[in-house]
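Going by the order they are written in, the chains are A, B, C and D; count residues from 1 in each one.
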Amino acid sequence: MFNKVLIANRGEIAVRIIRACRELGMRTVAVYSEADRQGLHVRYADEAYLLGPAPSRESYLRSDKIIEIALKCGAKAIHPGYGFLAERADFAQDCLDVGLAFIGPKPSSIAAMGDKAVARATVAKAGVAVVPGTEGEGALGDEELLSVAPEIGFPLLIKATAGGGGKGMRVVHHLEEMHSLLHSARREAEASFGDGNVYLEKLVEGARHIEFQILADTHGNVIHLGERECSLQRRHQKLLEESPSPFISDDDEMRQRMGNVAVRAAQAVGYVNAGTIEFLVDKDKNFYFLEMNTRLQVEHPVTEMVTGVDIVKEQIRIARGRQMRYSQENINLNGWAIECRINAEDAYNNFLPSTGQISHSLLPTGPGVRVDTGVYPGFEISPYYDSLISKLIVWGETRAEAILRMRRALEEYKIVGVRTNIPFHQNLMDSHRFMGGQFDTRFVEERFSMEAAEEGKSPRPEIAAIIATLVAHEQTQRAAHIIQRNERDTSNWKWISRWERMQR
Amino acid sequence: MFNKVLIANRGEIAVRIIRACRELGMRTVAVYSEADRQGLHVRYADEAYLLGPAPSRESYLRSDKIIEIALKCGAKAIHPGYGFLAERADFAQDCLDVGLAFIGPKPSSIAAMGDKAVARATVAKAGVAVVPGTEGEGALGDEELLSVAPEIGFPLLIKATAGGGGKGMRVVHHLEEMHSLLHSARREAEASFGDGNVYLEKLVEGARHIEFQILADTHGNVIHLGERECSLQRRHQKLLEESPSPFISDDDEMRQRMGNVAVRAAQAVGYVNAGTIEFLVDKDKNFYFLEMNTRLQVEHPVTEMVTGVDIVKEQIRIARGRQMRYSQENINLNGWAIECRINAEDAYNNFLPSTGQISHSLLPTGPGVRVDTGVYPGFEISPYYDSLISKLIVWGETRAEAILRMRRALEEYKIVGVRTNIPFHQNLMDSHRFMGGQFDTRFVEERFSMEAAEEGKSPRPEIAAIIATLVAHEQTQRAAHIIQRNERDTSNWKWISRWERMQR
Amino acid sequence: MKYVTTIGEREYIIEIVDERHIILDGTPFEVDFDSVSGQPVYSLLLDGQSYESFVYSSEDGWEVLLHGTLYPASVEDEREKRLRAAAGGNIAEAGEFYLRAPMPGLVISILVDEGQSVEKGDVLVILESMKMQNELKSPRPGTIARMRVKAGDSVEQKQTLLSVV
Amino acid sequence: MKYVTTIGEREYIIEIVDERHIILDGTPFEVDFDSVSGQPVYSLLLDGQSYESFVYSSEDGWEVLLHGTLYPASVEDEREKRLRAAAGGNIAEAGEFYLRAPMPGLVISILVDEGQSVEKGDVLVILESMKMQNELKSPRPGTIARMRVKAGDSVEQKQTLLSVV
């Protein structure tokens, strides 16, 4: 049984995994690119080794180098986190071949589920309903895809065969635009996964994206930890997740039915360790298998908050050949959890990525608040990796309490140095459709706008005007070098801090 | 029913209460001294009003001014937090007299329990065992106390009648030293509470300090939320609390027996709202009533973590005349919670208070970690108030998991600008007696030393030597203005940050 | 000192009397205004009401982020205002617009040619950063000039890509 | 550059070869050493082992706080060491000790008089701060000189209270 783990990832998820290992008394090994020398995962790990230059292909995607480091430093297991090498069957196989435990499923399961087309065929055989789309192997050429498209019908989705997280994904409304969209989708897929293959899938409109967390051990036990509501997305990127789903809420019969199907889908590929079955659910509560993510999910914390299960620790126990500590009967969803993905994206400028050094930050704390992050004041947000700064997770006895708690946490959260999407989440928390649980996967893009959201609120332009004026006035005074003497004590340090700013 | 609350406190507890109000949709009013303009409670509240100069007597103890502000701004209730005016019956009465709800017990209960002597007499009448000590009213003169001392027997404790938190408390081993100790105890009590009265109490040696959290509503319901282990103290200041107590652990029969006594003690004074019954427990599991704290406790979060009850929100519901949402049957202790009090005290210099501006801080985050704090980078730790910087609370499925989690959280926690007692807690977490739950109220002072604790560990002096040398080397180079050119990219920002430091 | 501050259509006349007092459109207020830790985060106490906001300086003035709402504001003292009135109209509007890279990235494709006329909102350039493809649009109608980059170039933040006249 | 670094009884010979390499008592190591956010918190990678510590400068050198253990260290380059050897012994030890207030506070009482001789560890002054009474002790035997304060005085951090010769 291993007790030294190499974490083949960066950012918040590397930190999350290091913490789990720490708390299990295991030694941890971080790997990092030249852009991440100051990353928290490097600081928190027992050992850290340089992979190479900043670009992923020269660092976090260098499976050969990662395995070489693991062997050299005596790590006996590798946790891939999510993204990068997490769903690469060949990497998992390479680990096993050199005697390293891979903290994740068998290569065969990754392969089976990793190719979405094969995945759909497999689970369909197991009697699980799937969304209409291209059957057979996923490596169809543009001509084939263009010819089969009308049979599936529009609108439809182009999705990356190796994909996930919306990378290389496109919506097609008419055959005319499909050719150029195929082109850009393949390009993005190539850039993201080094694999430009794509496939087609019917777009179920007004659909919700609801996924089930699966845990399976090597002793044949397979359970689900209930659902996560993931319908709030922008450009197929999840922005907010919650558990339970307000759409299922207390319909336990539906939860168990979907959960059992999810378990069956996992069993269809002899699944082991943690995984997630994604469903599309239409308004009549019909649900279709969408895909299986054969890895830890970004949004796993909401499930941890309501079930009390530490999913990462359970992954490690399973990889060590232990039995799961839970059976289906132990799993109850207690209260309500919501996660907001805090991204370095300018909510007021078309969500353009924002880079730079975080000069100051104030985290929300207190009861029922959890933050998972890999950044801190002084850390540089680089353009090389995704824009996730942190995950803000809250728990409440009810959904209402969770929303109120998230509101105060978002208002408390201060990040200086980069623009973030915190204002987007604040407006979302105030939107009546969100509060009512009335949304589908298109809601954010089609029925939600920052402007409209903000009109709803009682605006305070006069306060903003006063603040802007005071700042401008202060600046003018500084420029004029007016440093008043004999200030009252209370405002002395005010002048001092201005003076400090002048020195910067 | 009120929906605007004035919080008559500062620091982490004011922030804690503001958050609870926020999450209940109530407006919040902060009050602050000239030293606290930048306090988080001022920033987070909807309104904030200046009380006066930094010293407590001119600000947070100005009950008249606080009530005046409440009436002026239309607040309908006052939450006193802990310390300051929290246990002043006259203040509670003044609030009621002008029609303000006091979020706490009735003035009569505060008075009855506030004077420890009366308190002991009251609960003794209710058949609760008390620790031998001075009977009658607590306002005895030095001569009387000196004459009665031998009857109680040595060692004994001098405690402030108006006291709490170890202020004005002294241990007396011989009659000879008692006179001077009385003197200093009265002086400290006077300084802390504006009341120099003290009383005597038998010192039960090898005793544990275990307290029970009480909740009582205006509908006659009184319940307990289980115990907190508070034996780890230094100079009668609690340093670490946990729930459950490892001494009671799974002895549910004892827990219920003590809980029932606690409930009876509270009922003896017609108690309403949140309160705490403190017991001394000897090694044979005999327990004596020590005192009742008629307020919210610093350490309330450990109870919240294991019961799932938000005690502050429940306080507010009770003050609004609602029924408690819990009955005794609903209360179960789930898992294990530990709180470390992070103080601005130099663990390596006799725990001397450390003041200054916090220039940088990195909070521990992730699963099972809660931080309650009122400070942030840029905030000035002043000498005017107590040295509590923050409360670090962790939850684990077991005590072992909680300890491992606290270890990693303490290692992650970085506070720059003041010295803290974090290293003390780190050594405590590593001590075998703590891990084994083998400690009493004298453990920290008599059987624990930083030096001894550190000898136990595998020391890394050579690593420290290398680090010291590299820092000294760097400083020498800076002094010599050696700024090398054509550095490799990876180390450029290293030079930049050095340059920045040079400019400071 | 008297200022005219504009947010949206509305103009506010704000006089700063001293450290502690201002007059907003004729109504006096007590203020306690302070930056937090020397950061562009400001705490305002206005007659006891507590507000906290980010303040960013922007091309045409300031942006105030308050309770999850962004207020673009322009602040002028009376002298400036008279000057601008004299100059007549907003020069920026009439002048040449330079499209600058909002962040470092790779130019995936350029959808316009020099001399081509564009409408407000037309996509000019696709820039890839953080694995996302971002569309850079024209803020106003005009004609494309000074093409400074080509597809495949990697660009620095704020680097000029092209201009619209 | 070669240094002699002392921790407790033990002396370490540490040669800094370049940015990336050092030699500790003859054994070469690869190092990557960096301060975190320009703070006195340092991250050291030593042949891949990751350490993080606070480093404080103290009267007689440095204090390194590593994994909850404090290591007082003195660092000298060889030249300094030779000089000190020549001078003979530690001057600080022999010289006058100034008792300074470790934090702002109120002098509650002074337990010694000028000219009085004290032992190491004797309590000299009681200083109240943060509602706690703190005993300030003598670091070595000697005689009390230069009484600068009296009971009831409030003192600033680092203010000299008295001296021991």
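The definition used in the following text is that contacts are C-beta pairs under 8 Å (C-beta built on N, C-alpha and C of every residue); 3 or more make two chains touch, one makes a residue touch a chain.
The shown structure was predicted, so the numbers you read here are calculated from the model rather than taken from an experiment.
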{"item": "Pair of chains joined by more contacts [C-beta pairs], A-C or B-C", "value": "A-C"}
{"item": "Chain separated most widely from chain A, comparing mean CA positions", "value": "D"}
{"item": "Centre-to-centre distance between chain B and chain A (centres being mean Cα positions), rounded to whole Å", "value": "37"}
{"item": "Inter-chain centre distance, chain B versus chain C - centres from mean C-alpha coordinates, in Å", "value": "47"}
{"item": "Centroid distance [mean C-alpha coordinates] between chain D and chain C, Å", "value": "51"}
{"item": "Where chain A and chain C are represented by their mean Cα positions, the distance between them in whole Å", "value": "31"}
{"item": "Per-residue multi-chain contacts in chain D, two or more chains", "value": "34, 36-39"}
{"item": "Multi-partner residues of chain B (each touching 2 or more other chains)", "value": "37, 44, 360, 376-378"}
{"item": "Touch list for chain C against partner chain A, complex", "value": "1, 3, 5, 7-8, 10, 12, 14, 16, 19, 22, 24, 29, 31, 33-42, 44, 46, 51, 53-55, 61-71, 73, 75, 77, 102-105, 108, 128-135, 137, 157"}
{"item": "Residues of chain A that touch chain C when the two form their complex", "value": "167, 184, 187-188, 191-192, 235, 344, 346, 348-350, 352-355, 359-360, 383-387, 410-411, 414, 416, 422-423, 426-427, 430, 450, 454, 457, 459-473, 476, 491, 494, 497-498, 500-501"}
{"item": "Chain A - residues contacting chain B, complex", "value": "15-16, 19-20, 22-25, 34, 37, 44, 301, 304, 308, 310, 335, 360, 362-363, 365-373, 376-378, 380, 397, 401, 404-405, 407-408, 412, 489-490, 493, 503"}
{"item": "Touch list for chain D against partner chain A, complex", "value": "32, 34, 36-39, 43, 45, 48-50, 52"}
{"item": "Touching residues (chain side chain A, partner chain D) in the complex", "value": "30, 37-38, 42-49, 73, 376-379"}
